[in-house]
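Multiple structures are listed underneath, in structure tokens.
Shared between the two complexes below is subunit A, which pairs with subunit B and subunit C, respectively.
Now for the complex of A and B:
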């Protein structure tokens, strides 16, 4: 908390905070008012006397009903959920073990390997999708969820590995040494001591990986083609923009509904996830 | 219960020779303290005994069995760490039971042992708490408890009291001593605190730069230090040192002198120093062996000093004094009414003069 006079608290705390919160939440507000806005209000010219872009006078559920009944939105949601969860689990599994090994075991090239993994994370997806498309085609994975489940880990594993490496490093080495003296083999020390302590780190890696998969666009756009296979991010944009016609109401409804699972996951694990990011291991 | 033998133990880390040819025989039920300044190799030696550090060369035997290649879990040892290393996600009971569970003890046996240890340490009331809800002293007790329940062959302590405040440290020191007396388990204890070493150890091993300087009972180290390092390290306040030149006078008496000191050496000391006549050696005298001189003192065993700092401790007064070019500390009776800048005569205890070779620093 800022010390001192009241105006200081306003200038250095409340006003910047409000600006920040407003900037963050405005897009969601915009999605909401647009999603429930009837077409007549939506396409009213800006010069019209009753032009009110920030407010919807006569809310309607038409766009949402259209989205849910006339498009494959619920299928897209299920696809995205399946792909995101599976890709996250695969990446977490690999990331936990790789992160543990890189932070704890002494072996040749450990440092180089860590840097190598980090560098793969730096390769932009906009470049990587071209060779990956070839790989996906060769393995006949095109237009199946596996095309994404197996390609998302290319950026999720480095991400999880690095986040968890840092987290494992923050856990005092003595805990593990003590466990090993207490009679645990290395794998037992890892399973019973290190992993339970690392739960906040593992959860935040999982949440991030889930969010990254959920919001991923370019691989989903390239590797999937039939509407029934699409994910939310691609489905909404490809099926609700037809030529130069934008179904704004349904688009916004899709965006809004599509962000609910991520918001849900975050709010559910928020405490663990903050602890995971700040790396707090309480002894 | 077991003997521990360390034979020609060496450790090299990336070209740094951290532990050099350490040899040590620790008897069954003995409490041995490794002491030395930081970086002297004492912790590394302990970790090699524990199996947490690979051995570059040499052997470690626990109970007459070479354990060089055994993983820590199979050495039947227990270790207490400086930062306690309590498992933060387990309560006190589970922390203590973990080692027993790993070794597949029965539930009843585990419960009996944990409760017995908790009783010894007085932490019965905290068994269901998590480590972060405990005070420093309680955490240290849990760490001790975790070691006790296992009934290991050897206890290893790695500076277990360093994170505690001064008062608690003294308390826990006594506690550790009591526990050792009660259980009789062989113990190796690492510390940088010479007071801890002197009070706890049956024998004390003084190390410096990876080399064992002297092994002996606490009073042996205090009374007969093997070299200048041990002399300066053991005892508080530390021994005073001055470089003096040995000379013989016409009557055959030996004198040790520099700009501030000119003393006649007692016959017993003179015998040992005779072959160093003409050489410059280090004179050592402990603060408690200096006292305010009275008129009855022989004038050839006193030094004239100027008082620079007076520290009144109650039971004694510490005087920081200037003797010629060097400074010394004298622990004198509280009745001595010395003030800063006073000139004073201090008498040296003739039976407690130490001399160290100028080059090798070994005791003469």
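Now for the complex of A and C:
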């Protein structure tokens, strides 16, 4: 498929592609090396004779054990897992219904509502975090997981709705009509005929929503205050740094372990994830 | 006889459909859509519409944490106009958004074109390339912060060993360099998103068009410029508009790398709003800074809506 002389292939294809892959992945390699490198090597000046930055001869699990035993890291992981899964389920529930209604039912204001939901999809979290903190406090949700479980759907529902509208639109109307002629009620046709066909779309939306919740930072930073309630991103940021001192070994170990759940889900559902990503863009 | 039979069957038919009054109600598309949309509308009005109103309300008072505050009109916004840090933040945000968008688009398109060829390990490469985008930004940004460390920077070490520099570069501590460093990390994180979205766009383009142009004697560059690029433009527009909104309102990257420093050299809208609203507790001013982003975001959203509508009607 790649035509032309051998040198052209190298210059125009292999070298640039390898450069991209190297640059995009190097920080993760660096995370890994730092996480298993003993402190005595981490903080060794350049001029030291046996300085070898790209690997370590004495890998250690000290940073990881420190992280798991001396900090609340595992609590943060469980918090994030609980918050992400619950927020995703709520958003899927709302998004499936809203997406169906907006793409297949005729009612007044349908167009307006669709546009409205699309606009909320584009509202960045940083626009509203200050008044939203006030609202969360007034509802007595501050410093509880529910502060995030109920606010994450504000950006997840519009995303799920928008993505699923695309999927529902693509399902032929005749399928539903057949079921209705056979005596199924409208909601039965929706539940038993349309939703099962849209399962790939629902899975994409769910996986994408899960990674978005895991990734969220500013709401978690502002709405949660006690160390035991924090999510991974916020916990690693605020609790592993004492004053101006960074514990780079355990920080990198935290970054690595904190990424594993998303990477795990992603590795199993790459195709669905990509479909979610590109579907969200194409609308 | 025959007539009554028909009557009974139609009776059983209607009976099977109209079992419950609620089912009958849900047969009506208006009621069904209302019921289906209700949970979404409740959540979005409580946590988007209401906070928005509340934010506007806050921004015209002098509220602080724990103090409700009095109405002060446009004073907070007027104060922003004379605030030199705010002006720096606006300028930084514009530079940050413009520069990263250009580079993300250029590199993303290049990577998409590379990935659009057939080669061994293509699916594998594509999966790995998305990692910077899916790994939580805060966590991967810490890896960059460590790579930019003034004393132990691996980038400096490499450049030094290659003989490109003689003294260490203070990536995040030097006010002239800090914004560039932040921009580099943002590009690194954004390129995969551009590449994968544009790749999806490329894959919808019929390869026969390329072949036809090639037969007509178009050179590779002409084939790209006159065939591929116009067809890719709609996807590109949407991707760019999305990314502009996200970049313009970015927070986490700067918060982790520099916290807006040194000397506000990397201060953006969102980090400044956080610093004033949460750090100092001046809720009303923080809300005003956040809301100052709104006009720009609104313009981008309107452009996007108009564009999508145009594409749909085509």
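The definition used in the following text is that the second predicted complex is superposed on the first by the 242 of 283 C-alpha atoms of A that agree within 3 Å, B and C clash if a C-alpha of one lies under 4 Å from a C-alpha of the other, contacts with A are read in each partner's own complex, and residues count from 1 in each chain.
In the analysis below, a contact is a pair of C-beta atoms (placed from the backbone, for glycine too) under 8 Å apart; a residue touches a chain by one contact, two chains touch by 3 or more.
Owing to the predicted nature of the structure, the values given are computational and were not obtained by experimental measurement.
Superimposing the complexes on subunit A yields a three-chain arrangement in which subunit B and subunit C fit side by side.
When the shared chain is aligned, subunit C comes close enough to touch A:266, but subunit B does not. In the superposition on chain A, A:192 contacts subunit B only, with no contact to subunit C.
Using the contact criterion defined above for the overlaid structures, shared-chain residue A:175 touches subunit B, although it does not reach subunit C.
Figure note: vertex subunit A, arms to subunit B and subunit C, all at CA centres after fitting on chain A; angle 80 degrees, rounded to a multiple of 10.
Of the two partner chains placed around the shared chain by superposition, subunit C is the only one that A:107 touches, whereas subunit B remains out of contact. When the two complexes are overlaid, the chain among subunit B and subunit C that reaches more residues of subunit A is C. In the superposed model, A:183 makes contact with both subunit B and subunit C.
In the superposed model, A:68 makes contact with neither subunit B nor subunit C. Touch criterion met: A:34 reaches subunit C, while subunit B stays clear of it. Of the two partner chains placed by the overlay, only subunit C lies in contact with A:214; subunit B stays clear of it.
In the superposed model, A:85 lies in contact with neither subunit B nor subunit C. Closest approach of subunit B to subunit C, taken over C-alpha atoms in the A-based superposition, is 5 Å. Judged by the document's definition of touching, subunit A residues 183, 185, 281-283 lie at the interface with subunit B and also at the interface with subunit C. Per the touch definition, subunit C reaches subunit A in the complex via residues 13, 16-17, 19, 23, 26-27, 29-30, 32-34, 36-37, 39-40, 43-44, 46-48, 50-52, 54-55, 57-58, 107, 110-111, 114-115, 117-119, 123, 125-132, 134-140, 142-144, 146-147, 149, 151-152, 154, 156-157, 160, 188, 191-193, 196-197, 200, 235, 238-239, 242, 245-246, 248-252, 255-256, 269-270, 273-274, 277-278, 283, 286-287, 290-291, 293-294, 297, 300-301, 304-305, 308.
Within the complex formed with subunit A, the residues of subunit B that make contact are 50-52, 71-73, 75, 77-79, 81-89, 98-99, 102-103, 131-132, 146, 150.
The part of subunit A that touches subunit C in the complex is made up of residues 1-2, 13, 16-17, 20-21, 23-25, 27-28, 30-31, 34, 42-43, 45-46, 51, 53-54, 90, 93-95, 97-98, 100-102, 105-108, 110, 113, 115, 117-120, 122-135, 150-151, 153-154, 157-158, 161, 183, 185-187, 211, 214-215, 217-218, 221-222, 232-234, 236-237, 246, 248, 251-252, 254-255, 258-259, 262-263, 266-267, 270, 273-274, 277-278, 281-283.
By the touch criterion given at the top, residues 172, 174-175, 177-185, 188, 192-193, 196-197, 281-283 of subunit A touch subunit B in their complex.
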